[in-house]
Structures are given as structure tokens and as C-alpha cells.
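Presented below are the structures under discussion, each in the form of C-alpha cells.
Shared chain: chain A. Partners: chain B in the first complex, chain C in the second.
So, the complex of A and B:
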């Protein structure tokens, strides 16, 4: 189990991490998700021991390792740039961490090690391990090549191999897929999930891509401006986003925010008048509705005009403008008949799946939209 | 290729050829003289090429003075200097390029300042120091003053500063200590710089006459160029053939070394932004 306790990190006057606390269970796949500069990579470097927190502590399996250097932590890491050793061939790259862990200084010494029977025995052991890893990652035929002779995907596999070959406490992956093209990224994503299942190891994965995070993780921690704004399962984050920002960050299609005024439990806005199941104390709320829970409807009154339709084959999205000029996105599951651009449409959504946020603070309000009493055009 | 570019290229090649010829002429003359008979050398007509290959000059060169001994001294001294220079310059350059510590900029500034001071300036104090230590007339006197090379530190630092920080971090995660990173990752990655530096260092110290003349008076410890001087002293300048043969023998290893290492040398010079 890896635990971060109240980690704070400052570079000079700038605070990069503010009170980060996170627990990563053994064998879990945890993703640190956030935009660039949100502190997720710094957090990963602190777990790896490549950076030291200004205050707070890092615990690995109950031991405080805050001050321990990277070499003493037995953690494997895959870098975005792969960081393969350019002067060694693939075999050398994968063997090095094994040699560093298992051999003493004498056994690693060049030339001399040829004379030591123990070194010979270990070296042979290592070769077997390297070859079995290479077989698993299907890079056996590349073992004699130098990194400069490999494609991006192949480098990625070698970097994985170098991490997998020893038996680390956890694998840290720093945006490992972001330098690959879209198709290869999809394939590697699947392979990573399989790899996690097969090895049963703790994976800590850093990415800015919410789709990667959602599809792979057991637990996601969302970083914004140096704090974790929410952590939970992908399902939690999608269904119960803690803030407006989280709701906007998660999801394949950007969520629609509709500004409304409130009186008690009655909400008035451009989509009509709604009743909340409980009264709220603030004056304005923002209702967040995901495009995929909205639909065009002929039963409600006309309240939008179709401005643009994008067709993707399996689905389509329509952008509508409301009477106040706001744009709303709707995902159309049924692509057999698409609405005409310029036509007027009614809009409805699954009330129970709408999110209500305080307009001022952006925090989630623990209320549900219970009913729609009047739609906009009927006013 | 049109006429204009053809002319401009022809002109370029022409001038480069002249330049090369001027640079090579003394060497050519040295080799040519070393293969001529004494009569040919002192004949009134000027002939570029020796009439026949007269190898006796080379045999004489090795017989009249212990040339093999001077060559061996040269190898010992240059090898020793290079070994210690690398030992000190490489870890130092790594620290300056890839590690954060207080005073790093100041230390690097001092290295740069050190580049500006010619070693002749410190020759007298170092001589006095070696005299106090009773180290004059030893290999140590030839090697010790040069073991810390600011030029080497600077060259390696420039090269190591281009190594991606991820590479160093990957090595740390893989369990390498800082010293292991220096010798297993940074040094091999800076191989072109090492070749460049080795050539600069070996050429400078193999050809150096100034320092050996100051600290060495024992003929057994003489370096190759110092050895050549013995011809002039002992044979009063009359024996030009063996003198030139000895000079050829002393120069050849450097030429061979450069030809072998040429590819890395040029890479090292261009990649570190240093023009030799």
C-alpha cells in the first residue's frame, strides 16, 4: 500500500502541491488525472523518490520512505520520453535494472565479472528473465537493436520491459501513451489493462486524457491547481462529480451547463422551470446535463434551433442554440434520421442524471431535479 | 549544375587545396628528408621526392638516442594524464550539468575563468611546489600539474547538459547510484566528447616541450619532442636525416590516432558547440 500524507511541495515561492493525501491499495490501478501543471507529475516523482516534498510523508507498505532516494525504493517507472539508455541495446536496457538489484559491485565490474562463477550464474539467470519478458511483450526479435533503431511503439514496449523485468512494489507510468499515434494508443491501452490483470501489481498512471483514465482505472484522483479535487472510481466521478470543473473534465462530450435562478426549490432557466427535491439556500445554481442524457423531443415545446450536426457513424452530435443564445450539445443515439440544420426542436433530459452546482462556489449540491413543471417556450 | 555554381565550387576547392598544401608542406618535407641520403639532403638542387627510399635514417634515429624510451615515456605520461583527467572531469561535469546544488553557477563560472588562464602563468608556483615535494625529475612532475583539466570539465559539461533529465531519472529509478550513473550512463552517452577530449589532451601533452623542459633534466624521462632535441644538442645539427626520421616517428602516432577517431572527434566538436 502506498500512502501520501499531507504532501506539500513548493519550488521557491510557487506552491505546486497543496496538501495531497492519497491511498493506493496494493494491486490497484490508480490514475492521477489532470491538465498539465496541475501537479500530477510532481506527485508521481515524489512517489518515485525523484523529488522530495517540502512537508508531508510518503509511506510504502507502512514504512516512511519520504527521505529515501529512488534507488532504495524498488519502484519501476515508465517515462513519457521512454528514456531508454541510448548506448545500450534493448537487451542491455532491460538487463541493467536486474544487474543493479541483484549483483554486487564486484559481479557488475566489467571484465572481472567473467571470472566470477556467481556473476556468470546470475547473468545467465537474468538473460532468461529478460527473454521471457521480451517474449511476453513480443519484442524478442529486437533484443540486439539500439533504441535509435526502434519505432515509437517498440520503444514503449522496451520501456515497459525494463520496468517489468524486476519485481517492484509499484509501476509508475508517466503519460506513457501520449507520444503514440491514436490507433497504437488504443491498442497499448488494452495491453496495459491486460498487463495489470496478469501481474496483479500496483499501477500508478499519470495522464491528462480522461478517456484513458476512465477506461483503465480502479481509482482516479483528479488534480487541479495542486490539489486533489476528487478521488473515486470512474463511475463515481462520472455520476457524482464534486465540482463543476470535474464535471467539465470528465466525459467524452463536454457537459452542458445551464445557469438558473432559484427560489426555495423552484429553479428557473432557459430550459424551463424545474422543481428540486429539496430547497437550496443559494440564489443561483448551475444545472449540468451531459449531452448523452439529453435528447431531441417532439413532446416538449420548441426551445432550440439546430445549428450544426456532426455525424460519426455510430452516433451523431447536434449543437442547438437556445433562445438566450447559449449553445447546447446533444448526443443522438439514433442516427437513422438526423435533424435538419436550422430546424426548431424541443429538448428534454433524464432529470435524475442532471447535476446541480452552486453557481458561486461551483460545488455540487446534494439535490436532485425532481420534476419539470413548465418548459421554456410555454412561458 | 549551372556554370555559376560550378565556378564558385571550383574556386572553393582551389583555395582549399592551396590551404591544405601550405599546411601539409612542412610535414611532407619532413617525411621526404627522412628518406633521403645525406648526399641528397645537402645537394644544391631542390628535389621534392627522395631518389630512393633510404631507411638508414630511421635505424640511426633509434640507435643514436633511445627513441623507443622517449616514445614509451610519451605513452606513459599522456596515458596517465588522460586517465586522471577523465577520472576527475567526468564526475565533475556530470554534477555541473545534471545536479542542483548551491553555488553551482559560481563553480561553473570558476571553470570558465580557469579556461582563460594559460598554464604558463602557474608554471613557476607549480614548479616550486614540485621542488618542495622533491618530485622534480619524475613522471609525477609531468603528470600531476595536468590531472584537473578545466577544458575537459567544460567540454563534458556542455555535452552532458544535452542529456534528457528523464534519462538520469530512469537510471535512478533503476537503482543506479550517482557514481554509477556517471560511469554507466553519462560517460558512454558522452562518448563523442570523450574522444574529442582525448585527442586534444594527447596531442597537447605529447607535443608539449615547455613543461618537460622545466621539470625534467634526466634523459631517461624525456618526452618525445624533448628527445628530438637531443639530436640537435649531441650531433650539433649536422645529422638532418635521422633528426627528420625521429620527428616522423614521433608525429606518426598522433596522425594515426586522429584518423582513427576522426568520426567521433568531429561529432564531439560540433555537438558541444566547441570549435577546436
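So, the complex of A and C:
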């Protein structure tokens, strides 16, 4: 189990991480998700031992390793830039961590290693391990190449190989797929999931791509400006986002936010008048409705005008403008008949799947939209 | 139908002419100023021509034979190689150490590192002839600071510049002092360009102590820089001249005579243009061999392609 306890990291005057606490269970796949500059890499480097926190502690299996050097933590890391040693061939790159751990200086010395029986024995042993890893990653035919002769995807596999070869406590991966093209990224994503299943190791994965995070993780921690705003399963994050920002970050389609005024439990806004299941104390709320739970409907009164329709094959999205000028996105599951651009439409949504946020603080309010009393055009 | 106007010249010829117009002048200048004189020197090296003489004789390889068999000639070649054999490794090792030190210091104090860097670079920026005067004063057998200090700590001083056994080593030491700053700057640039991620990967892989770090990342990544520094230092030490000319004039008894100084003496004092040309050619071959070495090794080995 890897635990971060109240980690704070400052560079000079700027605070990059503020009170980060996170527990990563053994064997889990945990993703640190956040926009660029939110402090994900810094957190990962602190776990790896490449950086020390200003305050707070890092625990690995109950031991405080905050001050321990990286090599003593037995953690493997795959860098975004792969960081392969350019002067070594693939075999050398994958063997290095083994040689560093299992051999002494004499056994590693360039000429001596051919003479020492212990070195020969170990080298033989390492070669077998390297080859079995290479077979698993399907890079056997590349073992004699230099990193400069590899494609991005192949480099990525070699970097994985270097991490896998030494049976570490955990794998840290810093945006390992971000340099690959979309198709290869999808494929590698699948392979990483398989790899995680097969090895049963702890994976800590950094990405800014929410789709990657959602599809791979057991646990996601969302980083924003150096704090974890929410952690939970992908399902939790999608269904119960803790803040407006999380709701906006998660999901394939950007969520629609509808500003409404509220009195007790009655909400008035551009989509109509709704009743909440409990009264709230704030004056304004924002209702978040994902495009995929909205529908164009002929039953409700007309309240939007279709401005744009985008067709993707399996689905389509429509952008509608409301009477107050706000744009709303709707995912159309049924692509057999698409609405005309310029036509007027009614809008409805699954009430129970709408999220209610305090307009001022952006925090989630623990209430549900219970009923629609009146839709907009009828007002 | 739109008609395409046929150019007066075929496209390929036109392009070729353009290229010629662009490279032509520079090539011509290079031919006139470098290639022709070089060929002239090569030709002269097979003659007994003297400056101002009205005629000369072809004497074949005699100048070369003299250079490699005559005592003074052999001395000059040997001395140059001896000088280079000290300066190249000493200067490279020293400058690498200094560069790593300064690089290390720069990570916690920029100002401090800048002071170090500037002071090591000073010999490069200063005129060597002026510096040679300073060295002459420092190394003076009775009045020089070096011997005074050595006396004080109880070690007898030496006649640094007039002892035949010592003079070349003294010059080589000055040569090291003179080149370390420049090489250090080159190594510093090399060190700065090593990606930080490689060090971090090495740290994670267990190569986190100084020695392992050096052999896993620093040394291999400095490959191109090291080769460049080596060629530069070698070229500079092969053409050592200023210190010899100002401090020893090749003496005592030719003990510090070097190729370029011999060339200068034979050509400009004794006006033996033919012999001086032969020395020039030998010098040229040294430098050419070095350049070839750089090209061959660099493209294969140090860029890891």
C-alpha cells in the first residue's frame, strides 16, 4: 500500500502541491488525472523518490520512505519521454536495472565480467529474464537496436520492459501514451490493462486525458491547482462529481451548465421550473446536465433552436440555442433522422441524472431534481 | 487551353546555373585563398627554394627525409608529439572535472558558478603573448613566485624554462592551463544538454551513486562533446607556437623546438621556404588525420545512430 499523507511541495514562493493525501491499495490501478500544471508529475516524482516534499510523508507498505532515495524504494517508472539510454541497445536498456541491483561493481566492469564466473552466471540469468519480458511485450526482434532506431510505440514498450524486468513494488507511469497517435494509444491502453491484470502489480498512472483515466482505473484522483478535488471510482466521478469543475472535466462530451435561481426547493431557469427533492439554502444553483442524458423531445414545449448538427456515424450531437442565447449540447443516439438546422425543438432530460451545484462555491448540493413543473416556453 | 511558356533553358540547366551563381564566388575565393596556396606549399616542399632566390631545384623528398632524420627535425616532431601527449589527456581530464564541479555548483548557487567559470575562462580571453610574460616572471629561477613558494615549503626550485629536461613539460603545463578554460566551457555546454530525465531514469534503475551515474549517463552522453574537445585540443597543441616563441625560442639547445616554431624559424629567419613548406605539410597531415578521425568516429560511435 502506498500512502501520501498531507504532502505539500513548494518551489520557492509558489506552492505546487497543497495538502495531498492519497491511499493506493496494493494491486490497484490508480490514475492521477488533471489539467496541465496541476501537479500530477510532481506528485509522481515524490512517490518515486525523485523529489522530496516540503512537508508531509510518503509511506510504502507501512514504512516511512519520505527521505529514502529512489533506488531504495524499488519503484519502477516510465517517463513521458521514455528516457531510454541512447547509447545502449534495447537489450542493454532492459538489462541495466537488473545489473545495477544484482551485480557489484566488479561484476559490472566491462572486461572483468567476462572472466568472473559469478558475473557470467548472473549475466546469463539476466539475459533469460530480459528475453522473457521482450517476448511478453513482443519486442524480441528489436533487442539489438538502438533507441534512435525505434518508433514511438516501440520505445514505449522498451520503457515498459525496463520497468517490468525487475519486479518492483509499483509502476509509476507519467503520461506514457501521450506521444503516440490516437490508434496506437487505444491499442496500448488495452495492453496496459492486460498487463495490469497479468502482473497484479500496483499501477499509478498520470494522464490529462479523462477517457484514458475512466477506461483504465480502479481509482481516479482529480488534481486541480495542486489539490485533489475528488477521488473515487470512475463511476463515482461520473455520477456524483463533487464540484462543477470535476463535472466539466469528466465525460466525453462537455457537460451543460444551466444557471437557475432558487427559492426553497423551486428552481427557475431557461429550461423551465423544476422542483428539488429537498430545499436548499443558496440563492442560485447551477444544474449540470450531460449531453448524453438529454433528448430532443416533441412532448415538451418548444424551447430551443437547432444551430448545428455534427454526425459521427454511431451517434450525432446537436447544438441548440435557448431563448436566453445559451448553447446546449445534446447527444442523439438515434441517427436515422437528424433534426434540421434552424428548426425549433423541445428539450428534456433524465431528471434523476442531473447534478445540482451551488452557483457561488461550485460545490455539489446533495439534492435531486424531482420533477419538472413547467417547461420554458409555457412560462 | 492555357499554354505553358517554354523557358529558354531547360529547367535543370537553369537550376544548375542558379546554384553555380550562388556558390560560385565563395568557392572561387576559397580556391584562390586556401587551395592554391596549399598546393603551392605542397609543390615548394619538394624544392630547395629560398625566399628571394631566382631559381630552385627539384629535390624530391629530401626535405622530408631531412625533417625525419636530421637531429633538429626529429626533435621538433618528437617534441610536438610529447607536448600533445601531455596536453591532450591532462587538459581533457582536468577540464571535465572542473566542468562537472562548476555544473554541480551551478545547481545550488548560480553566482558562485559564474565566478568559477569566468576565472577559468580568463586565460582563453587574454592574449597569450601577454600571459606568457606573466608566466616568464612567475617562473623566473630566482625572482619568480613559483620558486619562492617552493623554497618556502622546503622544496628546491627548478630552472623551469632553461633546464633541458624540464622545459617541454613546463610549456605543456602552461598549455594545459591555457586550454582548460575553453574545454571547460565546451564540457559545460555538453553537461547542460544532457536531459534531466536520463539521470532520473538512472536513479530509479539503481545507478544513483556518483560513479554509476557517471558511467551510465554522463560519460556516454558527453561522447560528441568529448570527441570535439579532443580534436580541438589536439589541433591546438600541434600548433603550439606563442609560448615557445616568447618564452624559450625553442631552446635551450632545441629542447623545446616544436613543428610550428621550426617552421617559423626555417621559413622566416633562415628563409628556407622549401624546408618550411615540408614542415607545413607534415603539420597539415597531422591535423588532417585528426579531422578524419573525428568524422569517422563521430558519425559511427558517439551519436548513437
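The criterion applied here is as follows: the second predicted complex is superposed on the first by the 379 of 379 C-alpha atoms of A that agree within 3 Å, B and C clash if a C-alpha of one lies under 4 Å from a C-alpha of the other, contacts with A are read in each partner's own complex, and residues count from 1 in each chain.
One rule holds for everything that comes next: a contact is a pair of C-beta atoms (placed from the backbone, for glycine too) under 8 Å apart; a residue touches a chain by one contact, two chains touch by 3 or more.
Keep in mind the model is a prediction, meaning the values are calculated, not measured.
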Three-chain arrangement built on chain A, chain B and chain C clash or fit: clash
Touched partner set for A:69, first chain B, second chain C, both or neither: both
Which superposed partner A:48 touches (first chain B, second chain C, both, neither): both
Which of chain B and chain C A:85 touches, first, second, both or neither: both
First, second, both or neither for A:100, with chain B first and chain C second: both
Touching partner for A:146 - first (chain B), second (chain C), both, neither: second
Set of chain A residues, in rising order, touched by both chain B and chain C: 45, 48-50, 69-71, 75-77, 79, 81, 83-87, 96-97, 100-101, 162
Complex contact set, residues of chain A against chain B: 45, 48-50, 69-71, 74-77, 79-81, 83-88, 96-97, 100-101, 162, 172
Interface residues, chain A side, partner chain C - complex: 45, 48-50, 69-71, 75-77, 79, 81, 83-87, 96-97, 100-101, 105, 146-149, 162
Of all residues in chain C, those that touch chain A in their complex: 195, 197-198, 200-208, 211-212, 216-217, 220-221, 223, 304-305
Interface residues, chain B side, partner chain A - complex: 164, 166-167, 169-177, 180, 184-185, 188-189, 191
